[in-house]
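Here come two complexes built around subunit A, the first alongside subunit B, the second alongside subunit C.
Showing the complex of A and B:
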């Protein structure tokens, strides 16, 4: 039964997932062009100096791309469910509501995560063509919180979209914005490195929070 | 378990507006119940409460013995639910949606589904999003019937359907109900459709009152009288006169009482009963007479 539910969500999301993937690939392409542009305009040692010692981010255009991706996937997944309260169809299925909700979230989360892993891998590979391993590691450490922001945005948008009342939806929006903001505070490249495991744990703890609006939607006045 | 649906001392309000005040009714197994009332009396609200999608202010509802706010998956498996507007997974195809739902219901009968959807003459790969409301209604009804539920709750199945699709829907439903001990609670704005297969009706009225009766008792007992305009004091609603409506022909009176009693009652109210006569009426006329026009 759960397999059918996951398949249904896959069918719903696949076309939109491809759109999101293409958007992310375009952004990666843009970063690649930007990076190569640096080497065309300056000598390699100057570019290395700027990137390694001055902390220039040739991939800063990726900062909000994961967040936009997470928002997009959550919107295309849960807007149709909330229109005319269509989510009731799923919640009437003869399986436990938490399995239904987490099944939906699992597929959406996975859809976002796969794109973001491709982004990270792409960034790592393109950096590797021009820079040493240390720069690759720092690029990945710098971009990793942006990727976590993408997952956080997906969960936050889900938290907002599933909530049936406007007042609590606004509260959830504040929580979601605050949570995503944690991953996008900037700082020097690689600054997030030491706390990445803690942020990952926070994201995992944050995940089941989507059950609350879903239960409020299902049973009201929870 | 004698009753498929039980509503006990139900109370619900939206802010200060009371929707139900101590609403009670029971739907015995194997019966078809029509839930009737004007717009805004709370038919859809009641169905939301029955299926646990809305928590009432007070009282409780039971479906197949389960509290409606704690319906077990096993009970949900026995309840076929048609949501207002024929809600469906629009991104799925005719074939895909059947395969999806089949995995959840052990008694699934795909031939019931395809018996209905094949009539649409559409390829199985046709997406629900590209269907008309009428076509979608057949898909949704097919899914509910293939589930073989013990209880069917159909919330305004007529919405958006033309006469042909309404008839197709009803014919299929009637065939399905002939198969066995199935309980149905149905709401509709096209009340004359219900006359053919409903056993009992529940009239919901503004302010939270409800009346439950056998359809035949209602059709035979509820009467319409015309009192021509005669310049006398207009009749007033009372325990005996369920409704009074002014029309161009005169005053229409609606009552469960026979003409003799109505005539006597008019005299008691100080009016003139000359020319009072009974006018035959359809179920729809009787429904409007009972609930009022506006």
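Showing the complex of A and C:
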């Protein structure tokens, strides 16, 4: 039954996932053009100086792309479920509600994660064509928290969309926005490096919280 | 499972609150520059400083309305107007002195005009975040041509990394420049450099009067001075003792050509690297902790002053031009005293989580507690929790767990409970 549920989510998200992927690819293309533009406008050594020493981010337009992607996938996944309370039918299937919710979240989370991994790989590869390995590593460290922000946004949007009452939905929104904000505090390029494992752990602790609104919805705790 | 979901959300809420509530507090009640600026006045032969006035200043203390939040005073408690303060520091405020028609100036039998003052001053700073390993590093460094065939310095087309070799990477093609890498690696090896290298120190900019290349520390701790002179490697193994344990070197080219820069050791000693055969001149700074303290060396034609401070205490040592200490002073900064708002805040929240730290370039998740005040904050939150529990006659395992959460997170835990009320959670 769980397998059928995962398949249903896969079929439901497939087309939207491709839309999200195309959007991300377009943004990567834009970053590639920006990066090459730097080298057309200035000598390569000056571009290196600006990127390596002054911390110029030619990929800053990627900052909020993962968050938008996470929000989009959560919206297309759970908006239809919450319309006319359709999700209630799924939640009455003869398997534990937490498995149903986590099954849904697993598919959505994976959908977002795959796109973000492609983003990181794209950024790494394009940086590799113009810069030494040190810059590639630093670009990936800089962009990694943005990717985590994408996953955090997905979870946060799910938390908000599944919640049946407006009051708690607003409070959940505040927590979700605050949590995503932790990954987007800026700083010098590569600053997040040492705390990435801690932030991953925080994200892991955050994940089961999406069960709470689902339970409240299932048992009509409104 | 439900319990897990509820506490997952509440713990997340506690983290989010502990980061953003203090951030909001700082944005609302944060003060301006809290650090005291201390100098040794060559006119008074005393230490003199400028600092933020905390609280309400005494009657008649503030004369200069434009800078009403600051007070200028010396170690004997005398207070100065802003202009008088600046005339006590003629080598720092020499441009103002010139505007006021007070130059040339005679001090200790010597006459100083504007040009001498400008040419003979130098300031070098070393902040904790600038020390190697305390911020994300550049990784690849330029080696600027020290004898360029033109008026200004020019960026080289290559940058180098120092690991098992000194490898130059060409920026135009992003490929290794084999010839140059071999030439420099060989030149270093001939001078006894032990690869892999440990530290690269230089000033990677062309906005400087001339270029002194880079200082490299090898695997054995020896310090090498490397330059590119007319396209060729120029390597000197300095006589600096490898056993000294170099932690960081900061180079800054200055037309005085008195010292190359500062050298910090693993046991927190700080030296200037003299132009006289790389002689290390120790700076007599007691209680200096490079991981927490901003350090500054101020040079003028008559004196050298080392000033270093953490968040609370500022210390200064005045030296003559031979770096022999002549006086020192220690002062608790007024800005270190918590403001009323900060005191009140410390009784409300049990701790704060900061994501940035001025002493490192890396992001952090640093938890700061407020000592006894934190316990009082937790006590008050627990009292509120118990009062509500008694009034609502709540009981059960979840109540006890909530109590534990409040005992650790105070008001943050209480607020998190609003997010996930016990009664709204199904059995």
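What we mean here is this: the second predicted complex is superposed on the first by the 221 of 222 C-alpha atoms of A that agree within 3 Å, B and C clash if a C-alpha of one lies under 4 Å from a C-alpha of the other, contacts with A are read in each partner's own complex, and residues count from 1 in each chain.
Following the convention adopted for this analysis, contacts are C-beta pairs under 8 Å (C-beta built on N, C-alpha and C of every residue); 3 or more make two chains touch, one makes a residue touch a chain.
Since we're looking at a predicted model, the values are computed, not measured.
Novice: Does the subunit A-based superposition show subunit B and subunit C clashing or fitting?
Specialist: On the superposed model, which is not a single observed complex, subunit B and subunit C fit side by side.
Novice: From the overlay on chain A, compute the angle at subunit A's CA centre subtended by subunit B and subunit C, rounding to the nearest 10 degrees.
Specialist: Result: 140 degrees at the vertex subunit A.
Novice: So, A:113: does it touch subunit B (first), subunit C (second), both, or neither?
Specialist: Neither partner.
Novice: Tell me which partner A:172 touches in the superposition: subunit B (first), subunit C (second), both or neither.
Specialist: So A:172 only meets subunit C here.
Novice: Looking at the overlay, what does A:21 touch: subunit B (first), subunit C (second), both, or neither?
Specialist: neither
Novice: Applying the touch criterion given at the start, work out whether A:219 contacts subunit B, subunit C, both or neither, answering first, second, both or neither.
Specialist: Both partners, subunit B and subunit C.
Novice: If you stack the two complexes on chain A, which partner ends up touching A:1: first (subunit B), second (subunit C), both, or neither?
Specialist: Touch status of A:1: first partner only.
Novice: In the three-chain superposition, say which chain, subunit B or subunit C, touches more residues of subunit A.
Specialist: Touching more of subunit A: C.
Novice: Minimum C-alpha distance between subunit B and subunit C after superposition, to be given in whole Å.
Specialist: Minimum over all C-alpha pairs of subunit B and subunit C: 9 Å.
Novice: So which positions on subunit A get touched by both subunit B and subunit C?
Specialist: 96, 218-219, 221
Novice: Could you pull out which subunit A residues touch subunit C in their complex?
Specialist: Counting only subunit A, the residues touching subunit C are 43-49, 52-53, 96, 98, 129-132, 134-135, 137-138, 141, 159, 168, 171-172, 174-175, 178-179, 181-182, 185, 187-195, 198-199, 202, 205-212, 215-216, 218-219, 221.
Novice: Show which residues of subunit A lie in contact with subunit B when the two form their complex.
Specialist: Residues of subunit A touching subunit B: 1, 3-4, 7-8, 11-12, 80, 84-86, 88-89, 91-96, 218-221.
Novice: Which residues, counting only subunit B, touch subunit A once they are in their complex?
Specialist: The contact residues of subunit B facing subunit A are 51-55, 69, 73-74, 76-77, 79, 81, 83, 85, 87-92, 96, 99-100, 103-105.
Novice: Can you list the subunit C residues touching subunit A in their complex?
Specialist: That would be residues 1-2, 4-6, 8-9, 11-13, 15-17, 19-20, 135-136, 138-140, 142, 155-159, 161, 169, 171-172, 174, 204-205, 355-356, 361-365, 418-420, 424-426 of subunit C.
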